[in-house]
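Presented below are the structures under discussion, each in the form of structure tokens.
In what follows, chain A forms one complex with chain B and a second complex with chain C.
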Partner chain A sequence: MTDDATDDAPRHQEEQKAFAEEADSLLAITIAPLIWCAHFLVCYCGVAIYCAKWQQAFSLGVLRAGLIGATVLALAGIALIGWFAFRRWDVRTSGDWVHERGISEDRHRFLGHAAFLLALISFIAVCYVTLPLIFIGSCA
Partner chain B sequence: MTDRHHSDPEVPRPEGPYPPTEAMLSEPVPEALQAEQRRQLAAAWDAPKGWRYWTAVNNSEVGVWYALTAFFFMLCAGVMALMIRVQLAVPENDLISADLFNQLFTMHGSGMMFLFAVPMFEAISILMLPGLLGARDMPFPRLSAYGFWCFVIGGVFVLGAILFNAAPKAGWFMYPPLATEEEGVGSDIWLLGLSFIEVASIAAAVELIVGTLKCRPPGMRVNTMPLYAWYVMVVGGMILFAFPPLIAGDFLFELQRSFDWPFFDPARGGDPMLWQHLFWIFGHPEVYIVFLPSIAIAAMVVPTVAQRPIFGYSWIVLSAVGTGFISFGLWVHHMFTTGLPALSLGFFSAASEAVVIPTGIQLFCFVATLIAGRVKMTPPMLWIAGALAVFTTGGLTGVMVAVAPFDFQAHDGYFIVAHLHYVLFGGMVFPVIGGIYYFFPFIAKKQLSARLSRWSFWLIFSGTNICYFPMHLTGLTGMPRRIYTYPDGLGWGWLNMISTLGAFAIAAGFLVFAYDLLRPKGGQGQVARNPWNAGTLEWTHDIPEAKWGVRSIPFVRSRYPLWDEPKLVERMDAGRYYLPDSPEQKRETLITSVIDARPIQVQEVTGPTWVTLWAAGFTGGAFIFPTFHWYGPAMVSAAFAVVTILYWLWTSTARPPRHEMREAGLGLRLPTYASGPAAVGWWAVWITMLGDATGFASVVFGFFFYWTASDFPPAGSPLAAGWPAAGAALAYLASWGLTLGARMLNRGERSGAAMACLALAPLLAVLGAGALILSVLHLEPASHVYPAILWAIMVWCVTHTIPGVIMQLYCLAGILFGKLRPRHDADLWNSTLFWHFLLLTALVSAAVIGLAPRLL
Partner chain C sequence: MARLTALLLPLLLLLAGCSGRQSALGPGGADAQVLAVLFFVMLGGAVVLWLFMNGLFYWATRRSPSAHSEKGSFLLIVIGGILFPTVVLAALLSYGLAILPDQRAPGDGLTVAVRGEQWWWRVEYWPEGAEAPIRTANEIRLPVGARTEFRLDSHRVIHSFWVPALGGKMDMFPGRETRMSLEPVRPGLYRGQCAEFCGESHAWMAFEVEAMEPAAFDAWLAHEASDARPPEGAEAQRGAALFAAQGCGACHAVRGTEAVGQVGPDLTHVGSRHSLGAGRLGMAQEDLMRWIRDPAAFKPGAEMPAYDHLSEAQLSDLATYLRGLQ
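Our next item is the complex of A and B:
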């Protein structure tokens, strides 16, 4: 990525690359919330199936420990995404919190900033969803 | 026709300088040329006259019809609310019968949510988005018009039922067994009528997502687009994942109502809880689908009244996207009292508290912007301020009811009624009215009255608090929802009387607003072009009105181009920017790339037509006739709908262009045809199919839900035939392979071989569908939920095969008659994309039908 304001000329074969390239980088900001989503579903489905079908097979403690393990993985994943996004945002060298200019550099940093904030909220939300796993010990 | 191009395997691409230099932009356009360009554009975008007015598809017409229709439905549902309030004003009132009362609250809720809140978002977005993006129109104007007519027909059908005393009466969420066992056609009207309207919502979602992603003006990168566009994109995505579960639920529900397949009947293995899950997986995101686009209006109004850029643009994007995700993890908080495991309740309670964070952040950003700016209390700002106050109050009680033990007490009581009305008034009604006051000079080229706005505001604002605040107390003292009367001596009487008075104050405020909106404004003279001194592109509109949208599509470099580029409007008016003319007098708009909005194509958009009305009418028949068990007429109507839609597509979409390239202005030459991922149509199919796949996933979820909930499959019950299911999977795979092969062969100019593939593929698809039917044919769907859900999955897959086959034949005809050529193959790309999803559906269906019961 260059910081040049005039890197805007149409690219070769832009149409073919459009979907993959562009959708990817816009969807990239949603990876952290998607991890939240996956973690949420694993917790919810795991508990729902356990409480309906598997209560005789093993204790809830095992499931809770497993799901807390999933939380650790999810948080690690989100932290990693957040770190990449933070570097992309690059606020420490640029000091830019606003990214309002219509140039590639600002768009690049903006996507980093947005992805970083989304990682932050996803991190908090995963922690929230984990709280019941710590405090509630029964299917009742 | 230039044969050289369509036989050229090299796809044409943009040529010429981009971005434009300041020297290019400051070069004047000769007066004579400007006049000629204006004449061409006016001819291309001329609105149909007389009775043909109703054939219009332009966003400025359809958007206004849409908004006024939704407003009318809202007034109807509001009158129902007044009747409810009159009945409840005093204890032991016998003004309205219990039965009518049930119809009234059911239709009040259903009407407000399905016929007002969501359609109003679609209406305002269709109306405003092209202006905000400096685009000529939405990418698929006829789709908007079709969606609108579907909405009108469905809305009149559903709401009109109450005039015949035939309206649904099981509550707006239609819980079984009450709703499944209900006599009469009320529940069917709800299920089929609203499913029909959901089709319109999904059409609008497709239109708005593609519009936001691909129709921005050159240079408007994702970091400079108006926040409203961000919200629209998020909400469009939410609709795709929220509405299909409800459609799937409606599908199962109607199968039970019509054919007695026992999905929600516990006596035969069914479970009413499945409906609650599917309904609320829709129903909770729905709240945010209503809230986000309304608060998005605040994000447009606030910078203008503060006369400074929004504070925390990235944070608001975080709010929109974050809320969009987390709102899908809240649905069980409507089901806290259904006996789910405490641990499960905990997850949803936690997520319900977590969603407060992104929701709150955007409000803080607005307040910060207002503090940092110089605020003038204009009419729009008054409503936005009211919105912030009322919504915050509703949000605080939301935090309370998200705590499961508190909800156990408040559930199904008036505390909840108070909470949800505060949220919806603050989160939707106030900002939307503020938005109408703000955007009215753009929409109607007239001003609304500041004095009437104040009257209306204070009546509605005080009415809201007088009506709903006492309900917190009525609820806490134990009054349940949905009772048509209550005994004296419980202390509820005076609170209810106050609420009723407040309701009439709200109604009076709405009357003032409606009068202001509809009163003749002929004597007003010309409105100022940018009356609020706003910074965004919609205020470059032409005064007096011109139908072409924007005179020329600007090159944009900032979030508030009108503040930052003083010469922008003058240059737009002179036709200095892109697409300033229309030499062939066609309607066109500019397609740009998703992230950085580089211009990549000139897209022809469709014009006025009757076909959308016909298509909507026949589609309506297909949904409405089954209400009365008239399946024959329904099938005929569906067949006519298919024929009309095919005619519409064949005559006006993806036809090979007369010229491959078009001078787009400022020396840029752009292609006029695109297929595959470069085409907006392909994106639309992709988005639609994502929604469709969600619907299918919801049906499959049903299968596994039954598996967790009971003895499933029941011991000793016959299984589906395995070999036909496996054969079906293979046949679908082959049909998909042939479709994909046809696309590749056609690109390689081997049209004959492509046609052979497209002739064979439908046969295999039909074979696959037949095999799938065969695999479950010996099972009795009415006997138990296990065969019923297998049948439902089969019906879903087979029904989707019909459009799959039609598409293959459509492409075959396209090649045969020269509509579809080696390089002009958009139809074939779109059909292949559909088939990717159909193949997935078929493989999952075959696996769930043939394999899963053997493994579980």
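Our next item is the complex of A and C:
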């Protein structure tokens, strides 16, 4: 009885350590959606404030160019995160889509998988948010 | 055959509802034409997709109900579930966004300011360079082939300005101006309607829009700017006297007379309008009499008192006077 407990202890600790590392990547999977969120707010608030206050100060073209620049940055950031996540998921070598075992390796892959899909949807969302900037050239 | 007719008849009735002077699908304006095309593109796309999806269901459940390969299913999800909707939605979004700026395009000179009231429309025409507006109410006339700009706001609650046969709709807010523009391409009589619930008589808050050839429009506008013509004939003169004696002028303006009230619609040329009470009644003698006797009977909550103490003859005199205000 006591033997079992001491036997198990090191493995248990190891799992806990691995799990603590994963807590970081749990945060990491939110980064792509956060970039989308930030980009959306910058675009929306930027144009709203410009149209209400800054129309005399500079032309809308300047703002649009700046925001489209922000889009390029956001897309690059999301693509980078997506690439890291894809590697962590590692589906090409493991062929594992389901991650059904409750071990740290599966958790690791699962988080990579989830982060990759979130990056993909964030990428599409940022593109959609940018479309009005391209088509609508005035405050009216 | 009877079954077919039973099926087709409602469909035909439905289609018949698509034409008409308050229909976005019977466009009389440049913007409405663009929107009607947009509608049919969307409809066509929806029909194609519906047929395709149901075809797939049919195929997968009836024709070939065996398991699919993992690779095939994966491709189906990636292409059919991600790639295809992303591209189609992006295309539709771009199409819609590309249309949007035209609906707000600047006008060719004439500006019409419309304010939503409880439950009628205060209208001001500002021809290019005008210092003072030409005031009227409850009806809008527009020149065909020119883009007229609208400045919209509201007195107390949110209304929405919509002439479906001419273009898109725009909300009207108290204390905040919104803009839109319309360009009629076909002369004719259209109907507008308040499209934002605004109280008891919201559904009765409509208006007539007449799109006219430019020359006729200019002549009409010049006439609209003139003062009211004096009453002709004994009945109309009695009516004018009643109008003054009953205090109608506290709320209504009849330019060129003592009546300068601003609470209710301007009546200077009320007799020339196509409808009475913002689209509620016609402009016949009987309509005017019934309206003055009890406005709230036609528009619940109407902010004009009932004059049911007046005799039939007095109401008739008033109606004759008002109808003469051409």
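The working rule: the second predicted complex is superposed on the first by the 117 of 140 C-alpha atoms of A that agree within 3 Å, B and C clash if a C-alpha of one lies under 4 Å from a C-alpha of the other, contacts with A are read in each partner's own complex, and residues count from 1 in each chain.
The rule is simple: a contact is a pair of C-beta atoms (placed from the backbone, for glycine too) under 8 Å apart; a residue touches a chain by one contact, two chains touch by 3 or more.
Worth saying up front: this structure is predicted, and the values here are computed from it rather than measured.
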Chain B versus chain C as contact partner of A:W83, first or second or both or neither: neither
When the two structures are overlaid on chain A, which partner does A:G102 contact: first (chain B), second (chain C), both, or neither? first
Mind working out whether A:F40 is in touch with chain B, chain C, both or neither, as first, second, both or neither? first
First, second, both or neither for A:F110, with chain B first and chain C second: first
Where does A:L118 make contact in the superposed view: on chain B (first), on chain C (second), on both, or on neither? first
Taking the superposition on A as described, I'd like to know which of chain B and chain C A:L26 touches: first, second, both or neither. first
First (chain B), second (chain C), both or neither: which does A:F58 touch? neither
Give me the intersection of chain A's contacts with chain B and its contacts with chain C, in residue numbers. 124, 128, 131-132, 135-136, 138, 140
Residues of chain A touching chain C in the complex: 120, 124, 127-128, 131-132, 134-138, 140
In their shared complex, at which residues does chain B touch chain A? 11, 13-15, 17-19, 219-224, 309, 313-315, 317-318, 321-322, 325-326, 328-329, 340-351, 353-354, 357-358, 556-559, 593-596, 598-601, 671, 674, 676-678, 683, 708-709
Under the touch definition given earlier, write down the residues of chain C that touch chain A in their complex. 82, 86, 89-90, 93-94, 97-98, 100-101, 104, 106, 179
Interface residues, chain A side, partner chain B - complex: 6, 8-16, 18-20, 22-23, 25-26, 29-30, 33-34, 36-37, 40, 43-44, 47-49, 51-53, 60, 97-102, 104, 106-107, 110-111, 113-114, 117-118, 121-122, 124-125, 128-133, 135-136, 138-140
